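Below you'll find the structure, written out as structure tokens, and then a few comments.
Letters are used for the chains, namely A, B, C and D, taken in the order the chains are written, and counting of residues starts over at 1 for each.
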Amino acid sequence: MEILLLLGAPFAGGIVLAVWGHRRFAPELNSGMSLLTFLAACVLTARIIADGPILAWNRAFFVDPFNVFLVALTAFVAFTTSLFSRPYMRIEAHTGRLSPNRLRLYHSMFQLFTFTMLLALLTNNVGILWVAMEAATLTTVLLVSLYRTPASLEAAWKYFILCSVGIAQALFGTILLYFAAEKVLGSGGTALLWTDLNQVKGQLEPTVMSLAFVFLLVGYGTKVGLAPLHNWLPDAHAEGPTPISAVLSGLLLNVALYAVVRAKVLVEGALGNNFAGNLMMGFGLLSVVIAAFLLSRQRDIKRLFAYSSIEHMGLMTFAFGMGGALATFAGLLHMTVHSLTKSAIFFAVGHAAQKSGTQVMADIRGLIESNPTIGWGLMLGSLAILGMPPFGVFASEFMLLTAAMHQEPWATPFLLAALGVAFAAIFGKVQPMVFGKASVERLPHPPALIPVFVHLAIVLLLGLYMPPYLAEWYRQAAALIG
Amino acid sequence: MPSLPLWSQLINLLAALLLLLAFAMLTQRRVLSLIRLFAAQGFVLALSTLVVAYTTNQPDLYMSVAVTFGLKVLALPWFLHWLIRKLNVQWDIETVINIPVQMLVGIVLVIFAFNLAAPISEIAGTITKSTLGIAIASILLSFLMMIARRKAVSQVIGFLAMENGLFFAATSATYGMPLVVELGILFDVLVGTLVFGVFFFQIRETFESLDIHHLEKLKDR
Amino acid sequence: MKQASGIIFQVLQSVLVVLIAPLVLGWVNQCRAWLQNRSGPGVWQPYRVLNKLFHKDAVLAHDASLLFRSTPYILFGCMWLAVGIVPVLATSLPFAPAADVIALVGLFALARVFVSLAGMDIGTSFGTLGARREMMIGFLAEPAMLMTLFTASLISHSTSLPTIVDTLGHGELVIYPSMAFAAVAFVMVLLAENARIPIDNPSTHLELTMIHEAMILEYSARHLALVEWATSLKLTAYITIGFAIFVPWGIAQAGDWEGLLIAFAVLLVKLALAGAGLALLETVSAKMRIFRAPEFLGTAFMLATLGMLIHFLLEA
Amino acid sequence: MDFSSFRPVEAAVTLSVIWIGLGGAGLAFARAPRVVTDWVFPAGAAVALALALTGLWAMNAPVSTAVLPAGLPDLPFHVRVDPLSGFFLLLLGGVSFGISLFSAGYFRGSGDSSVGLMSLQYHVFLASMGFVLIADDAYLFMVVWESMALSSYFLVTAEHHSEQNRKAGFIYLLVAHLGAISILLSFGVLHGGHGDYTFDALRRAELSSFWATIAFVLAFFGFGAKAGMLPLHVWLPEAHPAAPSPVSALMSGVMLKTAIYGMVRVIYDLIGGIRWEWGLTVLLFGAATSLFGVLFALMQHDLKRLLAYHSVENIGIILIGIGLSMVFLGSGHPVAAVLGLIAGLYHTLNHAVFKGLLFLGAGAILKSTGLRNLNEMGGLIRYLPHTALYFLIGALAISALPPLNGFVSEWLTFQASLQAPLLESSVVRSLVPIVAAVLALSGALTGMCFVKVYGVAFLGQHRHELAETPREASRWERAGMLWLAAACFALGLLPVFMIGQLNNVSQALIKAGLPDEAMASGWLWLVPTSSAQASYSPIVFLLVIAAVFALTYLVVRQVYHGRLRRSDPWDCGFPAQTSRMEDTADGFGQPIRQIFAPVYLIHREIPRADDPRPVFKQEIEDRHWNAIYSPIARFAEFLSGHIGKVQQGRISVYLLYSFLTLIALLVFAQ
């Protein structure tokens, strides 16, 4: 029942906002719909904690500890982003950069995007997972080019072409997966259900599965933004409106990585050896190193944090690739704290960019002086994302590095160098923006920065004191992934 | 039940025809003829799905034949023609790499696709197992076509050709995906093309041309 | 009873050495005069100078602070303590365990710091010039001094002077080549620390060439007397440390009175010889340019380190 | 965390939590700065004193451990107080008591609202240092270790308007972060992979000698980066002067010591099985750091930068002590190792005390005259007599002169190095005395440097016209400085008490203590191993000098007279004596530049002959910048330049990347 409400609310919201998206109350309506979704997610999570994984709608939807925490996270971040986008969009409309019917497009696509995310997470059918991912791309591509500037058009075009081609590879991977499954489970609907695949993964044909994993990794890897396939990500995140960048960075990348991890579970079972894990580790490490070194070349603040997302997705992929209870636990925790921190940073960045009228970091100075909440939000957010201890990101990096030092010691020098260069680059650029003389003016509408500090508080809490049931949750999920 | 080898020969013929069309699209110079080749490829795909549906008498395959025919042979080509007329882009295609080199690379890709598909086709149970290699080859060829094109429209057509290749792989390896997935994919392809159309108008508006080299400003040199 | 005689010995040694210190300086100047075939002002001249100075009125600069006025007394106290610790006449005096060789070097460093600060207190360029050079000589000499003392203490496995004297002096006669190197290095350090000829000319009046004199340029009357007395005490202390380490024979045990008399006689002879040797050295060599001092003290350090390495290699 | 049995660990945790509470209170009262300076800082001082007593109590009490409710799921925060952390708690509490008193007076004047935020960061900084000393598992240690770096970063960039402060803060946090990551990796090596990070688990993990060396190297350079060891010291002279003076006192005095604590804890306690090669590395790095630090201190004319370079030098001396003890421990001589460790730890306490005092003195000068450049000071003894006296005590202590505490620890280090004959390998045996000579050289150079500082700053004529006559430090500030000066005297005159406490610490760490003959020699005589070997009694020193001082003063006054008159100083016939004729701080360092020329990178601007207003400018630069740091920065820039080519804008190239990855993987997958 909760699944119906959970999927129904955003879908209905999308339809309703398509009609009334341009009205004055549209942002409030948008937040209301997201709130509804978040409540449904909470109810579903409570139910999963109470009585374990459930299969609903004759096994079309499957919810286990692994994807339920992602569902809760997605719903929560979508809700807080909608809260943030209320004043943000009003200011954009006020400054005339967005016409009312573009707002309508934005609001309806926002809700549909949430719908596709939740569908991708909840579905048990690998095919539907692919369809949901493709739909996610479709809903966000128009939003990236919302401002109609040449740069945003270019970003949207590249985003669309690269992701579509990537998703096409994933489709072929799914076909091969279906092909291998059909041998064991017989044709008909069940061959694509992840739960059935999970049971018989031992008997699947190894050569086909390894080919399938290659296509799936390249396909969904493009959506995750792994190193050689990452080129669309910085442009898409930098040129789109900030709520979209926050949602893309915070949620879309997680869901894509969720799909890759689901595939890895099957392939690992089929192959027995660590072929999938090694591939993921290789891609993860490559992404961390390349993103770290590209950070120091950035002049646009949103591109800077887009590359930081690539780096963190690389860390997560490396963690999941390494396997073992400790590393997987670190990967899951990193997924949560990264999406919370990165969305908080994008909220602060959004308002900072609006205040100074530009996204070029050299022109933003003295944020703490002119608006302490934005200044401290950005400062604490970037310190959190850089893995400074009191925050949760450090907890996951701590577990990751110590596990890596024990299982894959060869990788630690690269990680050390990359983390150091990333720290120098990001902090070197954020510090002058936050400190110094103020060069920015007041905002027409008061910025809604409660979400920023709520997110950072949660991340701080996760760093210092992990509630036992949350820890139990992660441990079950880690056991599932293995 | 007609003797199996006859029908499989027919399917192999259609597969070969599909590969030929993919090659033809790779080397085509003019947009309009490119769209006609794409429509022909859609037709061949529908025909081969029809043959597979008939021989393995799977009722839901007929439904996907109808949708494929409707979408890939009628709707999309008409839409692309309408677009070309609307944006009056009557010009031939400049390519990034010249045609002979593309031919050579195409052949290498086909060889690579065949030895890649060899292990799979032995264990494939379907009658059309040998065509899997051709399906992979057509996917890689259309991928190459997307890389080597300068114009946005031809890039989109390359993408749609890749979709055709994927569908052909689905039918040849596994007699088509379950219906709900099949419909979802077709729906996505349709919406994708519509969005591409919207983009063409936007790019046309801002850049007055559909050439890709306008879209190269965002870089971290 | 032994404790009482120990204290008496201690007081006796301190008072005695303090009294004969100006005599040593007078003797050295007298020897130098003879060597330069001058008749010289006589051996008791320093006492006459001290008496004259104590009678005069003290003249202070306008912005001389409390530090400037208290430094002579601190200097005198430090030197009195140094002489009290070094086994000049008798070993194992009550004050002996109060400091070992390293603490003595520290004591001389304390004195040097206070004199330099007093020099800078006046605020004229000469004071700071002298202070800067004195500290330079100080930091160059200290490693060399410590290396010579290390060589001695590595042989006797202890840094406290009475133990060194017992092992080297009262033990059987053994020739230590490493001690020879250390002795030469020690003499060079002695010359540098006490502002003798090769490094600094004690009797010069050229402000720009002075080192030690420049710092005490502003002192007068009783302050100058105490500083001069302390300088002679420092010279005597250095010479007696040299005796204790390199020529330890003839130093009495605390408590036996007749040993004390012999020790006093032997001390006078040794001081006479040392004074003559010092005068000879000074007349033979000329004052070096200030920036040749680092090489001079560098060689002293090399010699001392060489001595120590020889001790490790030859176990001698 | 039960409070039934009140043991040192509960006391330490409660006190640190109170500190955080005080920080919060400070922030709450941000609107009323007077409340913050009159109540919050003194309360912080009281907590510091209580922490010092807890430390003292912990050194003599049995080891006490506890588990805090917070922390990762299967790893709650473990805390433990044993004699080693007890000693450092004493250090932290004692020194921060004086500094907090001083801050109460120091921040009174500023009056703007940043005092509230400053007090929050200040007390969080203290609390995180407190937790670092009692942390008993790798995770809590790392969390509080970098919270310490973070809170001190915000203190360093308190006045963030100046570009130089921001740059200093950035370098500081970057080096601290890299150091922390290498410490984390060293814990990673030690923790053996089953996810149990408590220090007991790390102790039990037995490692092959190769991995033990890797763990040692990582820990040594990680903690070395934080302590300001030679190659990684560049942040220290930038960051410490940038912070307000009480904070730089805290950072120089106490924060560097937490790095030493970390080093001793990880190397002695967690890794164990120390090899003498490690000791030799620590020894050589220590010697190089101490000599380098003092040589560069002599060249500075900014008082706070000079003191920061001296912190580098004293860290070198501490490392020499610890290096000696590791060499002896590695070659099987526990008694000599104990002597080296006690010398190192004793110097840690001494340095915390006199460096804190000197920075507070510099703060008092800065507050009353607004000057930091030595060349503009001069003759301050007349305006600030109390500060001058306390600064003199601090200067004598840091120059290791006998009656005070600096000399005791240096003397102990010399005694430890004289145990060299015990070692077998002749190379090390002869190397140890040479290191002792380097120690003597750097001690003497420190003496010269502080004669320069004291002479130029306090004595002589005033070099710079001041707007208004400087006021003496306020009551609170003098109290803070008095406490630290008294501590210098106490630690100098009564070393035997503290050596006894340190003996407990070495008993806990190396399971060996000083020979009982050394302990039995009463409070008057300090005897390292045996009285025949060496003994030193600071009280006799002080008494005899004072007695002779009084005796001569009275005798001269009675026998002769005390008449005195003032006149102009001897000016060698030159009529006008101006203050420009005095020697400046750079002038004082000229012989050093002459002798140690290759060490420095000197940029000199000598004015042209016909220049109407000739100004001689000279800048001494640290060679490490263009030997190590800018090559690394250039290489990173070069690398990112090439990697930047990956993102070069053309969509067909991006498609090509994805195509090639696909093909490569397919080939690889077969």
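The criterion applied here is as follows: a residue touches a chain if its C-beta (ideal position, glycine included) is under 8 Å from a C-beta of that chain, and two chains touch if they have at least 3 such contacts.
Predicted, not measured: the structure shown is a model, and the values here were computed from it.
A count of C-beta contacts for the chain pairs A-D and C-D puts C-D on top. With chains reduced to the mean position of their C-alpha atoms, the one farthest from chain C is B.
Mean C-alpha position of chain A lies 44 Å from that of chain D.
Measuring from the averaged C-alpha position of chain B to that of chain C gives a distance of 102 Å.
Centroid to centroid, with C-alpha atoms defining each point, chain A and chain C lie 79 Å apart. Averaged C-alpha coordinates put the centre of chain C at 36 Å from the centre of chain D.
Counting partner chains per residue, chain C shows two or more touched chains at no residue at all. Multi-chain contact residues of chain B (touching two or more other chains): 116, 143, 146, 155, 215-218, 220. Among the residues of chain D, those in touch with two or more other chains are 644, 647, 651, 655, 666.
Here, these are the chain pairs in contact: A-B, A-D, B-D, C-D.
The residues of chain B lying in touch with chain A in their complex are 116, 119-120, 123-125, 136, 139, 143, 146, 152, 155, 159, 162-163, 166, 169-170, 173-175, 177-178, 180-181, 184-185, 187-188, 191-192, 195-196, 198-199, 202-203, 206-207, 214-218, 220. Across the complex, chain D is touched by residues 96, 112, 116, 143-144, 146-149, 155, 212-213, 215-221 of chain B.
Chain D makes touch with chain B in their complex at residues 644-645, 647-652, 655-656, 659, 663, 666, 670. Per the touch definition, chain A reaches chain D in the complex via residues 157-158, 161-162, 165-166, 169, 210-211, 213-215, 217-218, 222, 228-229, 231-232, 234, 275, 279, 290, 293-297, 325-326, 368, 383, 386, 388-390, 394-395, 398-399, 401-407, 409, 412, 416, 419-421, 423-424, 427-428, 431-432, 435-437, 463-466, 468, 470-472, 474-475. By the touch rule above, chain C contacts chain D in their complex via residues 54-55, 57-63, 65, 67, 70, 73-74, 76-78, 80-81, 84, 95, 97-100, 102-103, 106-107, 109-110, 112-113, 116-117, 120-129, 131-133, 135-136, 138-140, 142-143, 146-147, 150, 153-154, 157-160, 163, 207, 217-218, 222, 226, 291, 294, 301, 305, 308-309, 312-313.
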